[in-house]
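Note sheet for the following structure.
Per-chain residue numbering starts at 1, and chain names A, B, C and D are given in the order in which the chains are listed.
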Amino acid sequence: MLIVMDHNATAAQVRAVQQAVEAMGLQAAPIPGRERTAIGVLGNQGYVDDTAIRNLPGVRECIHVSKPYKLVSRDFHPEPTVVEVGAIKIGDGHPPVVIAGPCSIESPEQMLEAARIARDAGAQILRGGAFKPRTGPHSFQGLGEKGLKFLRQAGDAVGMPVVTEIMRIEQLDAVCRYADILQIGARNMQNFDLLKEVGKCRHPVLLKRGMSATLEEFLAAAEYILAEGNPRVILCERGIRTFEQATRNTLDLSVVPLVRELSHLPILVDPSHATGKRSLVAVMSKAALVAGAHGIMVEVHPDPAKALCDGAQSLDGEGFGRMMGDIRGLLGYLGY
Amino acid sequence: MLIVMDHNATAAQVRAVQQAVEAMGLQAAPIPGRERTAIGVLGNQGYVDDTAIRNLPGVRECIHVSKPYKLVSRDFHPEPTVVEVGAIKIGDGHPPVVIAGPCSIESPEQMLEAARIARDAGAQILRGGAFKPRTGPHSFQGLGEKGLKFLRQAGDAVGMPVVTEIMRIEQLDAVCRYADILQIGARNMQNFDLLKEVGKCRHPVLLKRGMSATLEEFLAAAEYILAEGNPRVILCERGIRTFEQATRNTLDLSVVPLVRELSHLPILVDPSHATGKRSLVAVMSKAALVAGAHGIMVEVHPDPAKALCDGAQSLDGEGFGRMMGDIRGLLGYLGY
Amino acid sequence: MLIVMDHNATAAQVRAVQQAVEAMGLQAAPIPGRERTAIGVLGNQGYVDDTAIRNLPGVRECIHVSKPYKLVSRDFHPEPTVVEVGAIKIGDGHPPVVIAGPCSIESPEQMLEAARIARDAGAQILRGGAFKPRTGPHSFQGLGEKGLKFLRQAGDAVGMPVVTEIMRIEQLDAVCRYADILQIGARNMQNFDLLKEVGKCRHPVLLKRGMSATLEEFLAAAEYILAEGNPRVILCERGIRTFEQATRNTLDLSVVPLVRELSHLPILVDPSHATGKRSLVAVMSKAALVAGAHGIMVEVHPDPAKALCDGAQSLDGEGFGRMMGDIRGLLGYLGY
Amino acid sequence: MLIVMDHNATAAQVRAVQQAVEAMGLQAAPIPGRERTAIGVLGNQGYVDDTAIRNLPGVRECIHVSKPYKLVSRDFHPEPTVVEVGAIKIGDGHPPVVIAGPCSIESPEQMLEAARIARDAGAQILRGGAFKPRTGPHSFQGLGEKGLKFLRQAGDAVGMPVVTEIMRIEQLDAVCRYADILQIGARNMQNFDLLKEVGKCRHPVLLKRGMSATLEEFLAAAEYILAEGNPRVILCERGIRTFEQATRNTLDLSVVPLVRELSHLPILVDPSHATGKRSLVAVMSKAALVAGAHGIMVEVHPDPAKALCDGAQSLDGEGFGRMMGDIRGLLGYLGY
């Protein structure tokens, strides 16, 4: 940490800051400059809580050099993490994974048909939502535990592992019973109690980036899960909220290579939620893979026009099949 | 709802859209234009789910005229809601309320001293956090239920009702037992399960705006609570996330008069979280009251330099006393 | 400046950075830490160009302690700047100024009537746009130099100084001839050539914040003008672009007290452009004054329904008169 | 346009709006709903100026169906525009173009060496900045017209056309004399006077998206150029400003396929400015091409560590060569 003093801070103020740093068991190294004095803080392991410092008289700013995460950092864990889900491996050195399925589980028939479409086109993992976060209370809220059963049955029927979102801690037992991967949605990325609970599970966790989360906050959220003992975290970029309304969110694809520099965890991309437009899903999926994503997650529905949720961004069987054909060509270029 | 067709949509496509609208029990009124056709949708009560429409061939865009909230709307409920907490009234026609206290409950002594500072300076309601959402897992996470007791005891000692944040449904009984007002924090503004549960309580709910929530989403979140039968909702603007990093968040003060136009619910402002800077809290509190806020919520700590959380934005006793003196002068101007 | 090295930077890399710093005539003070080494840069006066440093092997980040402005900083110029326009004084210790008038100059009659409304209600300075930046080429683009004459005539008729926007350097002579204050609009805040040219003038300059400009960039833009020798700069906050679309822009009112901390220049607020809604202008004007603004700039039109530009945010004579009555009451509270 | 009335608008108010619409030579089609009345506006060709409407009593909102651009729209001009620069063709059906060179022109030697690196690695067009917009006045501001000569000489020496930024109208003659393509930088995207002037030229124009410009505003800016008679516009996405600071800007890659849907103009991507990090440039270049970009623009410098501007995002000869090798492999996959 670097503590920057005011231009006209007194020598006594500088000394008081040094003493406060030392009282924390750390060392303080003053760096006198022409315009102002700064004080380097040494000896810390990881992020320093600056509360006792930044309120002292004469302190202008505390600049953090360490990050609020360490377990997820590649600096301290250089080997890539590969998350295994049955025979499927997600991470560096393995072909990118494709997760596909409907936004909402609507019925056994819809789910089974979606599963067949996903499998036939070549997806490896099936997705489907049983608990749905919706902006307004007057929209369809999901089938709940009944939906989990339909998802599991469809997955078993086609031989695919399944992933579904958990929205509250009480759902943990049920979701663990039916699903192979637990998904934490964007709205819950900073639901720290939920993060801690999934951190105590053995299931892999697919953690979606919050719509206004910085990359630093995203990695710090993953840190919550790892800190509880679960290292099987898969990150997922799904677009951030910006002033631009031409797409549902703004897909921040540059974080894919950046996450690969900063962290050892695998990272996927969800182009369906990011763009909100069916016509952009295939092309942005390919761009994501070229950017280095370890996989993609795509909304597929047997009949998008009748989907109870997010139909506008869902592909139908034909569209998904075409996209998967395209992607197979790309995998050759990528060396898989 | 207005359905805008593509420039070159065919007559058959227009007819198919009309039929889909009619299949929903609504009427479709085509509006042919020189450049393209639009189709007005009539007969709906409130927000229309456009899923079955926006995926049809030839449809370019669905524009919603109705909003995803109704119970919170002033259009349908013109009289202002006044939320009573004991003898305190929050809402139109009543003097603005001041909620004060520390970010975190740290000890009985700290809480009691904060309560005395708050009361002596003229605040009406005491705040304090027992469950703390923190960006990283290595920071102080709050005292939990023990903290709730300290808060209650401090409130009783000075004769003030208390408000505290609830972060998960399991905490509901405990929080209802100890607190007079339930706070939903910014990170949980779209934790819809939690919203529904507090909607089943009789306690007033202080709902903070999510850091990336639009005003429409903020009001739709309140709708979740009202829809479950709890009309005692107090909104609270606390800053939004933007590109500007000079303040912790960007205080969106214009929503105060806008909420007063669009909704009958009272709205407070939290200048401490919005600005993140102690030196801005008093001046932005006054600006908030002049903008029409029904009250403010301010972080006050007996010794901010030692606060375990958010010290940089907390006022000490002297600073809070001075601010409250200022505000008393302003209340005269405001007619209270 | 603080240079942060990679976790695994070598000693040779650290030495190379030290030498590069010394080659710039500055001193380098290594701060070894447990996790990584940082290097403090000493001896600089003001902002350091980090180009020669940040590309060296092993360098992770360069953190700037100095700001890209100095002349506008209160640190180096503690006394407030008061800009005089005829007998009107804008800045600390003087009653807030009110600038009023139409968005666009449309005709001599419209301009004169607007001027009378402005003066009769108590505004001190008249505004009006002759050159109009419009999003699309098919909208009204302003009257040009003819408009400047109408503005000057209207100002002379009611005895008010006038302000108008300059959009390109070629307009400088004409605008200086007709106007008392030169306005730089939000879109030109980083038109550095234009800033330099108005920096060579003697006219006061009203500099509006760019819609996506950070506070630091805003002050650095003012630095361009001061650096050329013109210290008579008046800043103006007019809202920033965020994800929120309920208002035209998001009025960032917290920058008003923050600018007063960081700079000696006066700062105004334009609630008309910030909110884009007539019903919010009066209330946000009062909030701005309480937040410490040295004045406000408001759009007033004799007949907003017929305005060629921005009618939705313009007040008519009656609305503006009512607002000014309100403000007079507030000035008493503010001590004027 | 659709005019939405207040819930409790009177019949007289609705009639007044209808009359106002008809006074504009358009037709008004009332759409009575259960909750409120809306009024469709028919007969307009393109965007309607709503000034005379949105201020009328009882009007809640005006919703625009037409866009503020038409000449750039694919709706009205379905065939793709291919911009020719000498023998190079930019647009649909042609291999993507690579523009490379330094941020700033620094000397004849630096420019010539950069040109050789660019050509040897396979770039088609040479870039270099003679007039530099810089945040603070104390940074290097570019060589001016002298730089233009160095750029031209370097281009001629290696046989490449050159592109350079024009910042003000007075530079137009010089820039047209020396350059093959005129670049409008992000800060000038809404410098409408400048847009009009380059619209009167015959030179191709490379128009960069403003850092806070919506896609609609971006296309409307291009409309300014086409409206003056110059159809040779090449769009360029270069990142937008968001809350995320991990990259210099947020590369909004989804606009590439979206622009291809909405417009017939070619679109490039500048990954150097978008990310601000050298290590991300190659990977995001490839992602851009897969997303459908008609080319990329990349900063290349013989010795980035000594660059006077933007060194941190510049590739050196070796890095650029490696990237171009990668891209050649990708072109095969893309069918070129």
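The definition used in the following text is that a contact is a pair of C-beta atoms (placed from the backbone, for glycine too) under 8 Å apart; a residue touches a chain by one contact, two chains touch by 3 or more.
This structure is a prediction, so every number in the text was calculated from the model and none was measured.
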{"item": "Chain whose Cα centroid lies at the greatest distance from that of chain C", "value": "A"}
{"item": "A-C against A-B, pair bridged by the larger set of C-beta contacts", "value": "A-B"}
{"item": "Intercentroid distance (Cα basis), chain C paired with chain A, Å", "value": "38"}
{"item": "Between chain B and chain A, distance of the C-alpha-averaged centres to the nearest whole Å", "value": "26"}
{"item": "In chain D, residues with contacts to at least two other chains", "value": "46, 212, 241-243, 245"}
{"item": "Of chain C, residues touching chain A in the complex", "value": "2, 4, 6-8, 29, 31-36, 38, 40, 42-46, 61, 63, 65-66, 75-76, 241-243, 245"}
{"item": "Chain C-facing residues of chain B, complex", "value": "212, 214-216, 240, 242-247, 250-255, 257-258, 261, 274-275, 277, 279-280, 283-284, 286-288, 290-292, 329-330, 332-333"}
{"item": "Chain B-touching residues of chain A, taken from the complex the two chains share", "value": "46-47, 49, 51-52, 54-56, 68-69, 133-141, 167-170, 187-188, 190-194, 196, 211-212, 217, 220, 223-224, 227-228, 241, 278, 304-312"}
